[in-house]
Each structure stands twice: as C-alpha cells, then as structure tokens.
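Think of it as A, B, C, D and E in the order they're written, each chain with its own count starting at 1.
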Amino acid sequence: MEILIQQLFNGLTIGSVYALVALGLTLVYGILHIPNFAHGALYMMGGYITLTMMTKFGLHYWLAIFVSIIIVGLIGVLMERFVFHPLREAPPIHDKIAAIGILLFLEAFAQFFWGDEYQSMPTPYGQVVQIMGLTFTMQRILIVVAALVVMILLYLFLKKTFTGATIIAMSQNREGANLVGVNTNKVAMLTFMISGGLAAIAASLSAPINLVFPGMGQLVILKAFVIIILGGMGSIPGAIVGGYILGFSESLGATYISNDYKDIIAFVLLVIILTVKPTGLFSKGGH
Amino acid sequence: MPLLSLKNVSVKYGSFTAVHDVNIQVNQGEIVVLLGSNGAGKSTTFRTISGLSKPSIGEIHFEGKKVNRRSADQIVHLGIGQCPEGRKLFPAMTVHENLRMGAYVLRRKKDEIKHLFDHVYDLFPILNEKRNDAAGSLSGGQQQMLAIGRALMSKPKLMLLDEPSVGLAPLIVEQMFAVIQKINQEGTTILLAEQNANAALKIADKGYVFENGSIVLEGTSEELFANDEVRKAYIGA
Amino acid sequence: MIFLETRNLTKRFGGLVAVNNVDFTIEQGKINAIIGPNGAGKSTFFNLISGFHRPSSGQVIFKGQDISTLPSNKIAELGVARTFQTTNLFEQSTVLDNVIVGHRLRTKSNLADAIFRTPRLKREEAQCREKAMEVLEFVELNNVSDKLVGSLTQEEKKRTAFALALATDPEIVFLDEPAAGVNPDETDGLAELINKMVDKGITVCLIEHKMQMIMKIADKIMVLNYGEKIAEGLPEEIRNNETVIKAYLGGSAIA
Amino acid sequence: MVKVLNKRNIIIALIVFSAVFPLLTENNYLIHIMTSSFIWMIGVYGLNLLAGYTGYLSLAHAGFFAIGAYSLGILTVKAHLNFWLAFLLSLVITGLLGLLVGLISLRTKEHFFAIYTLCLGYIIYLVIDKWEGLTEGVRGLIGIPAPTGIGPIKFETEVSHYYLVLFFLLLVVLIMYRIVHSLSGRTYIAIRNSEDLAQTIGISTMKNKLTVFVLSTLFAGLAGALYASFVRFIGPDIGSISITFDLLTYLLVGGIGTLSGPLVGTLIIVWLSQYLQDFQENRMLIFGPVLTLLIIFYPRGLVGAVSAWNTKRIAKKEQRLSHNTTRIKGEPFIESEIIPDKKVKEG
Amino acid sequence: ACNSTEKKPANTKPAAGGGESKTEEAGTVNIGYTGPLSGPAAFYGERTLNGIKMAAEEINGEGGFEVGGKKFKLNIVSLDDKYLPNEAGANAKRLIQENKTPIIFTPHSGGVFALQVFNQQDKFLIGAYTSEPKVSEVGNELTVRIPPRYDGYLKPFTDYEMEKFGKKIAFLPTASQYGKDWSEKLKAHWEKEGGKVVFNSSIDFAKETDFFTIVTNALKEKPDVLFIGGASEPTAKVAKQARELGFKGGFIVMDQAKVDEMKAVTGSYDLMNGSIGVMPLSESKNSPAIPDFVKKYKEKYGETPGSEAGLNYIGMYIFVEAMKAAGSVDDAEKIQAKMQDGVSNIPDNVRIYQFNKFTGGGFDGELEVAAIEDGKVVPIKVAK
C-alpha cells in the first residue's frame, strides 16, 4: 500500500513535468498546426539558461526561472518569426523538417556553448520530507504544485480573458481571426512565447532532480508527442490528462509489470487507445 | 471626400495579375455593388481592401488616409469590417462566442458589446436560438448569417460583404438583402460583391462590373440595370 | 422495380435530427430535385445515400439492394455518383488527370500490373483516357483539359465535377447545388448540361436554391424542412404549395 | 516534352555515371560512401512512395528498416539460413509486419498518422532494444555474412557489393517509375489530393493506402537487409527516430513527390555531411540552419526548385511569343479558397 | 602502402603546435579516431579523444619519436560517428584511404564490430576503448582492447560490501551492454559468496527522466547494498535519490563511474559513504606520474581527467612504443606483434596505470580500488 502511494506520487511528479512540456507542444499545434519537433530543444535551452543564471550570475532559483521563461519564450518567438511564419502556407511536412533543422542547431549550439558534459542544477528545495512513511523532497512537491498552478493560470487565461479567446479563435480560423481585427502575427508569437515559457518552466523544475545536458530534450519530447496525440492533438485538457496518464503508467507499470518494458507499456497503451479512438481522447470529432 | 477609394490598384498572386488597374469610390452611406462572374477578381479586391493581400501597384484611401500598407487587423480597427467568402468562422466556438470575437476591436467597451449582441440577435433571431451551438454545426445559411453578424459586431463604418447570398434559400436571400438594406439605413456604408445582380442592384446606389480582373463598366444601379449586357450576363433573361 | 428509394431514412447528429424519417423514391431517367431552407438536411440526405454518412436508422435501397451500410466506394461502383456542395476536386492536378481517375473504379489493374506493365494495364489506361476525353467533350471542357483545376473558373470547376462524376459510368448522379456561385448566364448552360445527361439515360437528383432553374428542369421536387419531408410533387404543385411558400419560397420567389 | 526528355536524360546520365563510378576511383572510401548512399536511397524511395504520393508521412520507417536488417541478421547469424533465402524471408517478414501496422495506423490521418507512426517506430525500436533473447539487445548482432555468390558472381569486395546494391536501387527506381506513371500512381495522387473525393469516385482508399504502405515498408526493409549485409553489424540504433529523420531530410532536400528527389537529396546530404566532417561537432551549427533555410526557400526540394525554374523559363519564352496570355500560378501548394470553407463545415 | 607522408594531408591539422619547420626530416604518422563527437554521447567521445590528443601533443612536443632511424610526429585525425556503427565504418574507410592511418581508435563496441569487418583485410589496428569481451573473443588479431578487464573488481567489491552491510543487493546499473555484462558477472559472484540479489533491473540514462520510481521499487526489497553505475553524473543522481528515499546501505559503483566525478553532483562524499568503486585517477596515489598528468590535463581541458582520458592517453603511448619496437609505423601486423614491448616500455612519467601484460588482445594490470569512508576516499588493498 505504501509502495502504491509512493509510486502514485512519483507518477504525479513525472506526469507534471510531462504535462507541462506537452502543454506547450499542444498549444502550438492547436493554434498554428505545427508539430514542433524542436520543442524538446526549447526545454533543453530552458534548463541551461536557468542553470547559467544561477551559477554564473548568482540569481536566485525563482529569478533564474523567470529569466529563463523570458529568454526561451523569445527563442520561441524568433522561431515563429523566422521559420514557421514563412512556412505557414507550406504543406505540413515542411514544418516538421524545419523544426528538425532547428533542433539540430540548438543542440549543437548548447554543446558548443555549454559543453557536452552533464551538469547539475542546485536547488534551494533539497530538503527531504517524510510524511507517514512516505518520502517526498521539497523539489518534487514543488514540481507538482507549480505545475498545477501553471495549468490553472493557463486555463484561466484561455477561458476567461479576451486574449485567451483570441488564441482559441485563431486556432480555428486564422484568417477569420485576422478579419475581426486580431493581429494574428502577434498571437502566433504570443503562442510561441507561452509554449517556450512552459518548456522553460518544465525544464527548470525538473532539472534539479535530473541533470542538464545537451540531449536532455530528447528524454521528454517523444513522450510529449505521445501525450498530445493521446489527449487529442491541440486539446489542452488532453495534454494535461495525457501527461498524468503517462506519468502514472510509467511508475505503476515499472512497479507492477516490468521496469524494462515500462516504456513499451506506455506506447502500447497509446496504440490501443488510438486504435479504438483514432483522434485521441479529447478530440472534438472531425479532424 | 469619398469614404473609400481605390486608385489604380493591381493585385498579383505570384506572377498572375488577379486585379488590374482598378478604380473604385465608395461614398459615405452608399451601398455599392461589385458584379462579375466567378474569378473576375471581386474577392481579391475585397481581400486587398481588408489588408489580407497587398496591392502591387496603386493606393487605397479610407477616410482620406492611405491604408494600403496596413495589416488586416489594423484595417478592422480603422472601421472596415468584412464578411468574407467562405465565411471564415470559428467552427468549434459557439455562435455567441463567434459574435463576441467579432467585437474584438471594441473589447474594452462592455456596454456597447451588449448592445451590439441585442442588435444582431434582433436581426437574426435564429442565431439567438442557436447561440450555444458550435458554429461548425450550423447549416450553410445559418453560417452566412453568423458571418454577417460577426462583421457587424465590430461596428464597422464600411462593411464588405462578399457574396452573402451564395447557396442560400430564396426566402433567406430575400431576408438577407432586407437586412443589408437595414444595416445600411442604420448608417453603415456597404460594399457588396454579388452574382445575384438582380437583388443587389435593387438595393444598391451604384455598381462596378468586373471582368478578368478589370472594371469594364460602372454606373448607378439604374444605368447598370438598364444595360443589356449586364442584364444578359448577370440577371438572366 | 423501384430505381432508388429511401425508407424511414433518419440521421441524428447528437441531439439534432438532421434527416427525419424520409421516404423518397427517385424515378429513373428523370430529374428529381430536392429543395428546402438552409439546414433542412438536404446535403445530409445526399451524404446518407452516397455512403458518406451512415444512417441512424432506415434504409437506402438501390435497384432492390440495401446499400445503407455500404462504404461510399462500393456505392459508387454500383453506379451512384455525386458532386459536393463545396466543389471538391483534386486541385493540384489537371482537369484531364482529375477525370481520368474518375474511371478508375471500372478498371481492374493493380500494383503488379503497374510494375510489370501488363497489357491489361495499357488497355485500361487507354480506356480511362478515352472515357475522360469522352466526358470532357460531353461537358464541353475539352479545351481546358490541360489546365490545373485550381486555375479554373467556378463554372468550369462545376463542369469538371460533373465530368468526374460521369467518368464513373453512373446510372444516377446526385448534384449538390451545382449552380451555386455561378452567374445566371452560366446557370442556363449548366441546366442544359443536366438535361443532356438525362437524355443520355442518366438519372439525376439535385439540390438547388435557384428556383428559376429548378422549376424549369425538374420533373419532380421534394421539399425538406427541419429534416422532414413537407411536400413532394411536380414543380407546379410545389410552387403553389402553401406550406412550401411559407417555409421556403417566400413572397417573390420566382423573380 | 522538353521536360520529359530532360528528366529522362538526367536519369540515364545518372545510371551511366553510377555504373562506371568504381572504375573512376581507386578510393574504397568513396565507393563505401556511395554504396551506403544507394542503400539510403532505397529507404528514401520507400518514404517517398508513401509520403510523396499518398500524402501519408510515416515516421516508422527506420523501424521497418531495422526490421529488414534484423530479420536478415537473425536468420543468417542465429538460424544459419542460406543468405538469399534469409534475404527473401526478411522481405516477407517486413511486408507482413508492414501489413499489420498499416491496418491499424492507416485509420488515422495527417499529423495523427505521422505521430502515431512515430510511436510505432519507437515501439519497434524498444522491442529490438529489449528483446535480448532474439536481437542481442544493445550489444547488437555481430558477424552478419556478406551475400553469398550467385554462380560466378561473388560479393566479397567493396566493388562487387557496390554493384549489388546498385542493382537493387535501379530495380526500385524502375518500380517507382512504373507505379508513378500508371493508373495506380494516379490513384495514389488522387488520394493525396482528397481522400474523401477519391472514396466517392469509387476508389477503395483503404486498400490502396495499405498496398502502398506495405510496398513502402518493403523498400525500407530491403534497404535494411542490404545495410545489414553491407555493414555486417547492427545495433538497435538503426531503428531509432533519428534515422527516420535522416531519411526524411534526404527526401525533402531532394524533393518530395518527385521521382529523382530521393537520388539527389541523399547524394547531396550524404556527401555534404562527409565534407562537413572537418567541422566536427560544430557542423550541426551550420547544417541545421541550412536545412531549415532550404525548406523555407525551396519547399519542394532541389528537384522542385529546378523544375520550377524550368517552367518559369519556358513560360517566359512563351510570354515573349504571345503577350501575357499565359497564366502562371504561384506555388501549387497554395490552397484554393474552397478548402478552408470545407474545414469550417467539418470542424 | 605508405602511411608516413612527408606533407600533412590537406584536411587535417596537426594536433600539436610543434614546430612545423622541423618536419622536413620528420615524417608524420596519422592516427585515426572515430567516435561520438556530437549528440548525447559527445561528452564521452570528447574525453576519450582528449586523452589521445594529449599523448600525441606530448610526444610531438618532445620532437616526435624515432623509428628505424627516422623521426616521426603524430597527427590525430578525428571524425564524428554519432555513436553509430555504420558511420564508424565509413569513417574508418575514409581514414585509411585518405590518411593512411595504421591505427584507428574507437570508443564503442558497435564501432569496433563494424571495423572488425574489414580491418584485417585493410590491415589497420583498432584501438578499442571498450570492455565488451566479445571484441577480443572473435579472434580478430588486429584489435587491441585498451581498458582492463573488470572481473578483478568482483571479489574486492563483494567482500567489502558484504562485510560492511550485508548480503542483500539490488542491481540498478546502466542499461548499456557493458552494464548488463557487469551485472551478470557480479550476480554470479555475489550469489557464489552466499549473497542474494533481491532486485535486478537496469536504467537507461538516455531515456529516463527521473529515477525515483525505479529506486523506490528497488528499495522496497530492503537491500543492504545497491549496485549502480554508468556515466558518473546520472549514477550519482541514482545514489542521491536512493539516499533521499532513506537508503542507508552501501553502493557498489561500477567502474565506468568515478567517485570524484560523482561528487560534483552529490556535493560531498558524505552522501556516498559506504561506496566502493575504482580509485579515481585524481585520487590515486599508486603512481608518481598521476598528479602530473591530472595537472596537465586540467590545465588543458579544464576538468579532472577520468579513466576515459587516462586510458586512451596511455594507450596512445603504448602504441608508439610498439611502433618503435616493431621498427615500423605502418605495418599493423608488425606493430601488433610488439604490443607486449609497448606495454613494457611505457615511459615512467606517463605510467598512470600499472599495466604489465598484453594478453588476450588487451592490457592487463593491477586494479586499484577505493572506498568512501567518513566522507573520504580511502584506498582498498586488492588481494591477488
């Protein structure tokens, strides 16, 4: 029983990270119909920038995260401006390849700039907390809570503000949004900004429990894609639920089935769900 | 001073010139109709006025200001609303949300928006009935009404209507033109593209006839109505 | 034997009943028209017959066979062709290429034939091309056969859609608003073409809002409203039907 | 007409060049690289057939490449089958698995299909990685034999291997050429352009898509089997997503949906990355942006760019002959106005 | 074939800045390297390459080495293979054809296997930085395995941990082949000694985002000892998370990980009290050459060298000595025949590992083991 609860918590932690990464991915997909393969690289950049801010500039963890959100958000904006914007009329495959190009570049850049070795990120929340025989570290509790807060804020932003409604409108018809006076370029940039910011948050939260290195984005990106397709591409609740499903299936799968095959479990789960419901759990019919 | 004027405007898609050396003037309070068969360049002209396409040559002035370098969203802020071809609705949003998006430029004026909602629901009671349905689930005609309603929500000084009667039932077409007239009487200037010359000329002050991207004929409604070629091509025997 | 009929045909989308218990028979060799207000369920009715949607209940019987659960390609093979309300064509191909594949369903050659260049493939390729030329001639588009569909005028697109439907060798074609977005002059041309199709022995069923045209060419009209059939009969009868005038035609209908 | 002739000439020139290539150089390394580019080309054709002609972008092709390679490896190394029997069987196995995967994955469309196959590819990779009893896991399969000779022809040397791979490449090109220029090819393009419409004109889209999918996995499997007998050692990494990305890059740089794109793209990138080697780890700093820029400015790859340039030139000529009556459209992929309308209706 | 060219090839740069003017009398020997220099394994590839480069620069700095009365300098030609066997194969072909390299270093078993397909035919030596036993078992004479066999660690590690903590062990090594082979051997030995393996799984550091789940599962079995290992940094994370989850026992650290590198992640040695592993080069007192090497390496590459750099460094020296003994810089077979001389003649000032013998296609030497007690690294005597 204790193990179950401990593993549920572990699943929740990792699921929170997945959900944050997947959210950024699904947002860009939902609004601009770009499957951004470079999203993992943004995540990686987020990790490095927070780390650099802390170690080189001595910023506090939270301040470093804030700077990281801004910088990675801006990288996202640049990507939109210089790559995806010119490609908005092109067939969908081109976005993917362009994104791969960006991915290659950013990884090489990180290797060039920060070196290729593993680095670890210090955290002010290293304390271990024991509650009823269960072990939590502050950092992990922080991940879970922060992810929740970010998701709620994002939800409120999309559902309750006019700007949020604008984003949703644009996801459904870009030209239509343009014609009611929405500056669609701005919204596209904003979307990438948010997406990059989410990646930075996810990386900064999870880096202290793992490591920072050029390939760190690859750990999450494939899973993030699994999640958003599981949840129905472009669906925000889908990304959140999908993130947690994957987190739980990994921790419980590793515990009760097999650690070696736990990744396969997650992917097979996906194949089964999609075989039954080809457009994902939260898709709204049609395409 | 005309409200809107196009001076020697040409528009290209790639190397193909879709609109060639067009001059149009729309005065405050008028209904002006653009006639022309398919592919003549009406929609392109509309897209250009709205800033979705950029003229390769020529100038567009609105209220005396040159606007041809403005982006589409700025144009809406200036007071030009368009109900586009293909409607361009937000299919997964409800009718009500679509209309609210229409009021994007007025988003800080809550009272005014409320007023506009009433106005649009008044014009199109069916939209009120379906206010919580997704726009994508409406029939073609209902969607057309929603598109017009959405354009109205920005309280435009000039409204561009691109073939609002396409695919609509006769009863609805009739209502549609009545609504257009009503909107016009309430003070909105209207530029209308139509195939249905008969109905359009009935409510219009003047018109232009497009052929292969150029204006081949212009005049008051009466003049055009009386023109044999127009009758033959656009009104039917 | 009845040519094509629907029995209690019903389609629900969630809570909405788009087509409600419609019984309709289509007469062979005639022009059967369907009219009705926007959202009445006309296009949905077509979608049900052509296998694009599955009926919620009821049947579609074509020449004695229940086709209500067949996939659309099988229905096409049986001789039922259709066009779409929003002209749906292979935009990036030429007119000829569009129409050539239209006859694909009457051919048997497969991938192996392609790889080994069998005589059957060569024969069938010629056959498809011939068919394509024939129908393009029929719809009077032979002079634009090399153009990309994307560059055609609306009317030419409509004709290409007709040609594509005809290339499948249909016994019956369903045309969804063939004259929408086409000017009156050209509308007459299309009407003429439809008549020509019937003369060739093809049964036509069409949806249209252009009353002038419908009243002129239809042999029989069904009126849908809110998914239900509210009237059926000859153009004369429909024109004067009170219910129809109230629901659809309005006062100055026949302008 | 001129264009067709051109295309044909280019192809003939390429064939002649590749036939005499080993005679032009003593350098085994060049032959080695050429042989491996030929192998990749076969895989890229697999991707091109599916993505370029039916519009379904499969990201599982490295998986099928790996299945082909591992089937051959396991059948020769572990089951000690005769090489050519194993070769044949590895194609059969790839085809059968392709059929299975196609059956489930082709129910999805567009981005869903892409990502769905991405995941399937990853599953294939994981299975290879984890199923140690069969695949030797991360250790990889060692000692895969070179093809055994057929009659007097032996495949031990670099050069003879080169010709063997060239033979299969030419076979694949021929098959592709015939498919593309047949009724089947038209059918696939019709499906790419509009699946709904294809269905309503009586084309069984599922059957056609499945056929193409299986054939395209067969190409990938063939490439994999050739790879295994060429490198003679395989590890799970050959099934990883980065291999799919590589194949895709070759295809897009060359020109998707074109017959010669896979040849051109693979050749250029493979050789380019060899020469960029001198930049060591920093070459991705150049290669990444170059790839992105290429996609932005030449969306239909180099082959597309050349043919666009050709049409433009011809058009100019015609224009000079008969003033501005020719209508030249912009890039053909610009959607017509009708499509967005459809999207509104279908949500 | 002549691998000693008077002029350096156009596309290669000499690794050392040694005076180029003197090359008139000296020949250049090109030494090949193919390994991961980009991608996730780049850090590993770079470290191995650094060791080779450093050795070459030192040798060149002293004016090169003399073979058959002629002076030669070394030139390292390195190519990136992204950790892929086929790329390694292509690189090797290129190195042989364009640079005539008699020796090609590669730091991964996949690359070695790919090279073994043609190295005997094309006559070049593989400097195999891998402990995969199979590379030596296939009977490829021209393969020289650089790292020592790890079997020797089994006994000292097991003895130490069993005595200090107990007989129940959980396995959490890296999912590489290396880690799996290690596990297998350790399992056999541990059980032979009367111990019990209560949990046995591996962690793929290239795919795992968080180790809490698997560590929780391992600790559920109440082990006394954890067997961990892989790249140092993630291994350190595993140890750290095990401590966070309340683990109080000891660690057996596989030889790929170095406790000094792990310390950079855990912050102090305290967290690793009770660990046993290989003596990190920087902490080793076994050879007077080590502090000097560590200092030089640190100056050059800004980090403390581990065995990846150290072993390849000494490996380069051994090859040079073997060339001298063989009297040839290009005949791979002759050089191979003199590998024992190469080992015997390692100059004292570079002898950072105590290699004595060249047997079974690899080097054999004394093993150095260290444990962490009270926050300090203490050497452990290995009984022969």
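We adopt the following convention: a residue touches a chain if its C-beta (ideal position, glycine included) is under 8 Å from a C-beta of that chain, and two chains touch if they have at least 3 such contacts.
Please read these numbers as outputs of a predicted model, since none were measured by experiment.
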Length of the shortest touching-chain route, subunit A through to subunit B: 1
So the chain most remote from subunit A by C-alpha centre is C
Most heavily contacting chain pair (counted by C-beta pairs in contact): A-D
Between subunit C and subunit D, the Cα-mean centres are separated in Å by 39
Dist(centroid_CA(subunit A), centroid_CA(subunit C)) in Å evaluates to 47
Length of the line joining the C-alpha centres of subunit A and subunit D, rounded to whole Å: 31
Multi-chain contact sites of subunit B, meaning residues that touch two or more partners: 87-89, 91-92, 136-137, 140
By residue number and range, which residues of subunit D touch two or more other chains? 281, 283-284, 327, 329, 331, 333-335, 338, 340-341, 343-347
Touching two or more other chains - residues of subunit A: 107-108, 111, 116, 173, 175, 260, 263, 284, 286
Subunit A contact footprint on subunit E (complex, rising order): 38-40, 42-43, 46, 201-202, 206-210, 212-214, 216-217, 220, 231-234, 236-237, 241, 244-246, 264-265, 303
In their complex, what parts of subunit B are in touch with subunit C? 37-39, 137-142, 144, 163, 166-175, 195, 197-199, 232-236
Would you tell me which residues of subunit C are touching subunit B in their complex? 13, 16, 35-40, 85, 152-155, 177, 180-188, 209, 211-212, 247-253, 255
In their shared complex, at which residues does subunit A touch subunit E? 3, 6-7, 10-11, 13-14, 17, 107-108, 111, 115-120, 128, 130, 135, 137, 140, 206, 209-211, 213-215, 218-220, 250-251, 254-255, 259-260, 263
Listed in rising order, subunit D residues that touch subunit C in their complex are 175, 178-179, 182-187, 189-190, 193-194, 196-205, 211, 215, 327, 329, 332-333, 335-336, 338-339, 341-342, 345
